[in-house]
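In the two complexes below, chain A is the common chain; its partner is chain B in one and chain C in the other.
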Partner chain A sequence: MELRRRIVDSFNGKWMLISLIILFILPLVIGTGLYLKSIPLLEHHSLRQLVFSTNWAPSRSSFGFWSFISGSLYVTLISFLLSLPFCLFAAIYLTQFSSRFLLRIMHPVIDILSGLPSVIYGVWGILIVVPFIGDYLAPALGTTSTGYSVLAGGSVLAVMCIPYSLNMLIEIFRTVPCGLREASLSLGATSWEAVKHVVIRGNYPGIIAAFGLGIAKAFGETIAVMMVVGNVVSNSFNPLDPAYPLPALIANNYGEMLSIPLYDSALMFAALVLFIIIVIINLIFRFLIHKTRKK
Partner chain B sequence: MSILLQEIRKQPIETSSITVTKNLTPVLRMENLHVYADHLHILNDVNLLIPRNQITVLLGPSGCGKTTLLKCINKLTDLYKELKVSGRIFIDDKDILNTSKNVPDIRRKMGLLSQRPYPLPLSIFKNVAYGIKLKGVRDKKLLAFNVEKHLREVGLWEEVKNRLNEPASCLSIGQQQRLCLARGLAVKPTIILADEPTSALDPKSSNIIERSFGELKKNYTIILVTHSLRQAMRMADYVVFMSEGSIVEQGLPEILFNRPETAQLRDYLKEGC
Partner chain C sequence: MKYRKRFEELFFKIISALMTYALIAVLVFIIGVIFYKGISALSWDILLKTPKGGYYYGGEGGVLNAIIGSLYIASGATFIAMIIGMPAALYLNVYLMRYKRTQNTIRFLLDTLWGIPSIVYGAFGFAMMLFLGMNASLLAGIITVSLLVLPIMVRTFDEILSTIPKGLMEASLALGSTRCETAYKIMLKQGFQGFITAVLLCFGRAIGDAASVLFTAGYSDQIPVNLDEPAATLPLAIFFQLSSPIPEVRERAFASALILTTIILVISLSARLFSMRFSQTNIR
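Up next is the complex of A and B:
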């Protein structure tokens, strides 16, 4: 018995360490693999030209990724702007003003939203969002659009990311002690002032982390965005125009047209860029959390 | 002993009813106060007068409704949708319970000190200035003057004057509680609601708070919730003993503690000493 306990204890201790090492090494292995696969492209083109050129013509060996990078950033930005007010205010309402019963109902609803496969969001986007933009919103703004656009991609992404950020915000806001809000109210604050000064201001790091998670998720989302964003290389800043985000480029083309020289390597480079941008986004959010915590 | 309390002393102590005297000028009056939470009757027909510029101690075992009574007074019960409150609470003859107008102004009349300190996630200076700023004061000199005045009032100024811009959370628990008291005083309340304010503090910090209350009652009316009999004996000018949501006995401490009329209070005194 004693021996068995010692073996279990030793095994668990070692397994915890091994799991940690694997988790630590995994991103390094992925990043290194993508870099190695991108080397053929990097040998023929400068990094600056690849990242900042908008000229995309693989058959003429012209690989400028800026349109894809900006497309990804633009769709992510729109999804962030659309999801932010919904997430923040829904989380505030659910934790500070609503009855516990409503929160109990909303928890499974949010879980269902986060568990839906992204292809369902894509179909919903094609059936509802794209026609709405093409048939109603664009004409109302005095312009035309097929509906397959940055705005459609951003809207679908916003709905997809809301459950992630919302769940985290709810957990953060629930930790605000009642006494803190009561203290603010008893000093003459209105309900909103108490929320602003206690719930929001006191939780900047958590709020930033919640939206950081949402943005990272949005940036890498592929299928749903690919279905509604139009997948046309464009440098327009009109949200009613189509775009071609990086994940869509990789998903649409990997395994095809590999007869074109360096195309395989170019797609691996696109994945590497995606990987690095996600790392940068995470680092920026870590930095912001660190800065706000210090205050 | 003040004229007010001499007047109270002349009257027989009635249980669960308003002790009305001709010359009594109570700052706060409760009539037929009931609080329900689902099927629980948390407060049952509470009738109470709070004398001005005295320390009224709400005494009773845990869970007897003392904190709920305090939260009714500054309408914090509004935050809890499961609570149903009925009855009337008058401050200067205005019913504050059955109104939804100017609630922040009503709450501002009462400084709240909780069981454990809740400094706002701001600097020491901004914590004290918070309530003043909410009133619309923006003048920096006036803010600084008031912050210093109220920090001195609670004996904290010398300890924090060189680190006013540090987060309030850096202070010790005892200092945080005094900061919260200063923050409450800064909005110029007439009543201080103290809900077991020393229960989380060390003896030294507790003594400082108790001494502050002794000084503050010259200018403020203090309602102190406690389940510490010793603290009640030390501080009370008027005692309200509660049990299971009702007021069991109320009156002057020397009478209540020496000649308890009910078995509940007798038992409580026996266990508490």
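Up next is the complex of A and C:
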């Protein structure tokens, strides 16, 4: 083989391998980097105290993340409950009942919805969702609220996560063999019953995984939530009260974190917690999806 | 019994149709609101001038610094992601063709990587910046965002590459080309449509992401000239200006939101157009 060709070939081949390896080192580097940064905090406080204490006073060096973690969980739960019917029914309609034409329209719709930046959702939330909750919903329920609330954060998040889960659900429902559905129809089932018994029941793991990944995405979402959720620790279960989710905590305090001892370490620890939770959720549910795809 | 059945059928059909149309309505609603609010605030000044006298205090000028900064960061990050991501995806599909198991494991890990939120990348970028002794700058922003879009690039490109028939690659190998040449001359050409889609998707994601540049790129009223200067970005411009108490500044935030939305829409539509265009010449 000509020398030049051989050199080009081996160089290119090596670079391909190196780039793949870089990709694999990336999560390890992120994990260890954040861990190294949060070591100073972990030396002073026990892990249990950090995660489960609600006592947050950086200037007196007490760091309890529980109110932020629970705030995140609450917003995520609301968004999950709101997005569940949309995702499930839209996916069923698009894969089972709809015309090809509608499907052709929906593809760009889903693409654009998932491509819109989170700031835009935040702006929309401030313009529409927050005033709606503050001016109409809260008075109608007999309470007062500024509108900047868990419910506002949850609804904005729900809209953001719908395309994500919906895409996966559509992909999963498409893999249901046609014959199975036809067999069910020929035995006298109505088309909804066929969907209920064949499409939904046969795909439990896939459906759970799609929603799980949606939850993971919602849990880590920062800017959009931060703009509408109020960013005040309230520790109440009223969805019309504000909350302070974990990502918002990191994003709001980066400016002052170098002026207070251990503060930067605490925020890096918060990022590490977020990273670990989301990677674990992702690993579990991605595994479920890969399993269903193989079948 | 029969009535119940028929009712259930009708009920769920209507519900699921409603939910589907509601999604279209929500999209139209969001874009409509952004355009309605933005159009009245948009002017040539906002598009073509940098802020004078502080973006926050309602001085004259526009958001040109943020537009340029965003374009710099998004194209830089996409470029880096392209250099690393494209060969990685090709390697995955050419060299590892015979190892189905390894391929699937790698895809599985990449999907997981895709799920990591941008704030974590931002915090990591910040930690790395302190470690290397850098300041908040264009370069730090580009690197952080490129890490964020890298998995997206690989997975999107890979998705198209994996649909290319194996026979094509085998034919190329049988004619005496090396695996590497097969990768770049056959697979890249055949999957070019996927490559363009991946690049545009990365660009859209990079230009719209706020949490990762919040720590790393900083914010400034000037257009960045060097890599070590801080750069403003559109999402952050929207975010900061919207929290201002002055109505004029908030109006400017709406105009910026309109600009960003338009950029995203153009990218999204051109991705569709390109992917149709480039798949016409493919060997089938």
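Operating definition for what follows: the second predicted complex is superposed on the first by the 259 of 295 C-alpha atoms of A that agree within 3 Å, B and C clash if a C-alpha of one lies under 4 Å from a C-alpha of the other, contacts with A are read in each partner's own complex, and residues count from 1 in each chain.
Rule of thumb we're sticking to: contacts are C-beta pairs under 8 Å (C-beta built on N, C-alpha and C of every residue); 3 or more make two chains touch, one makes a residue touch a chain.
On a predicted model such as this, the values are computed, not experimentally measured, just so you know.
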Practice item. Could you classify chain B and chain C on chain A, in the superposed arrangement, as clash or fit? Key: fit
Practice item. Determine, under the contact definition given at the top, whether A:A90 touches first (chain B), second (chain C), both, or neither. Key: second
Check your understanding: Looking at the overlay, does A:F237 come into contact with chain B only (first), chain C only (second), both, or neither?
Key -> neither
Check your understanding: Looking at the overlay, what does A:N282 touch: chain B (first), chain C (second), both, or neither?
Key -> second
Practice item. For A:T190, select first, second, both or neither according to whether it touches chain B, chain C, the two together, or no partner. Key: both
Review point. Where does A:G33 make contact in the superposed view: on chain B (first), on chain C (second), on both, or on neither?
Key: second
Point to revise | Dominant contact partner of chain A by residue count, chain C or chain B | key: C
Review point. Touch check for A:L213: first (chain B), second (chain C), both, or neither?
Key: second
Check your understanding: Closest Cα approach between chain B and chain C after superposing, in Å?
Key -> 6
Review point. Which residues of chain A are in contact with chain B in one complex and with chain C in the other?
Key: 190, 193
Review point. In the complex of these two chains, what residues of chain A are touching chain C?
Key: 8-10, 12-13, 15-17, 19-20, 22-24, 26-27, 29-30, 33-34, 36-37, 85-86, 89-90, 92-94, 97-98, 102, 105-106, 108-113, 115-124, 126-128, 159, 162, 166, 190-193, 195, 213, 216-217, 219-223, 227, 247, 250-251, 254, 267-268, 270-271, 274-275, 278-279, 281-283, 286-287, 290
Exercise for review: Under the touch definition given earlier, write down the residues of chain C that touch chain A in their complex.
Suggested key: 5-6, 8-9, 12-13, 15-20, 22-24, 26-27, 29-31, 33-34, 37, 83-85, 87-88, 90-92, 95, 104, 106-113, 115-124, 126-128, 131, 147, 150-151, 154, 178-181, 183-184, 201, 204-205, 207-211, 214-215, 235, 238-239, 242, 253-254, 257, 260-261, 264-265, 267-269, 271-272
Point to revise | Residues of chain B touching chain A in the complex | key: 71, 74, 76, 79, 81-82, 104-105, 107-108, 110-112, 114-116, 118, 120-122, 130-131, 134-135, 167, 180, 183-184, 187, 193
Point to revise | Residue numbers on chain A that touch chain B, as the complex places them | key: 99, 177-190, 193, 197-198, 201-202, 295
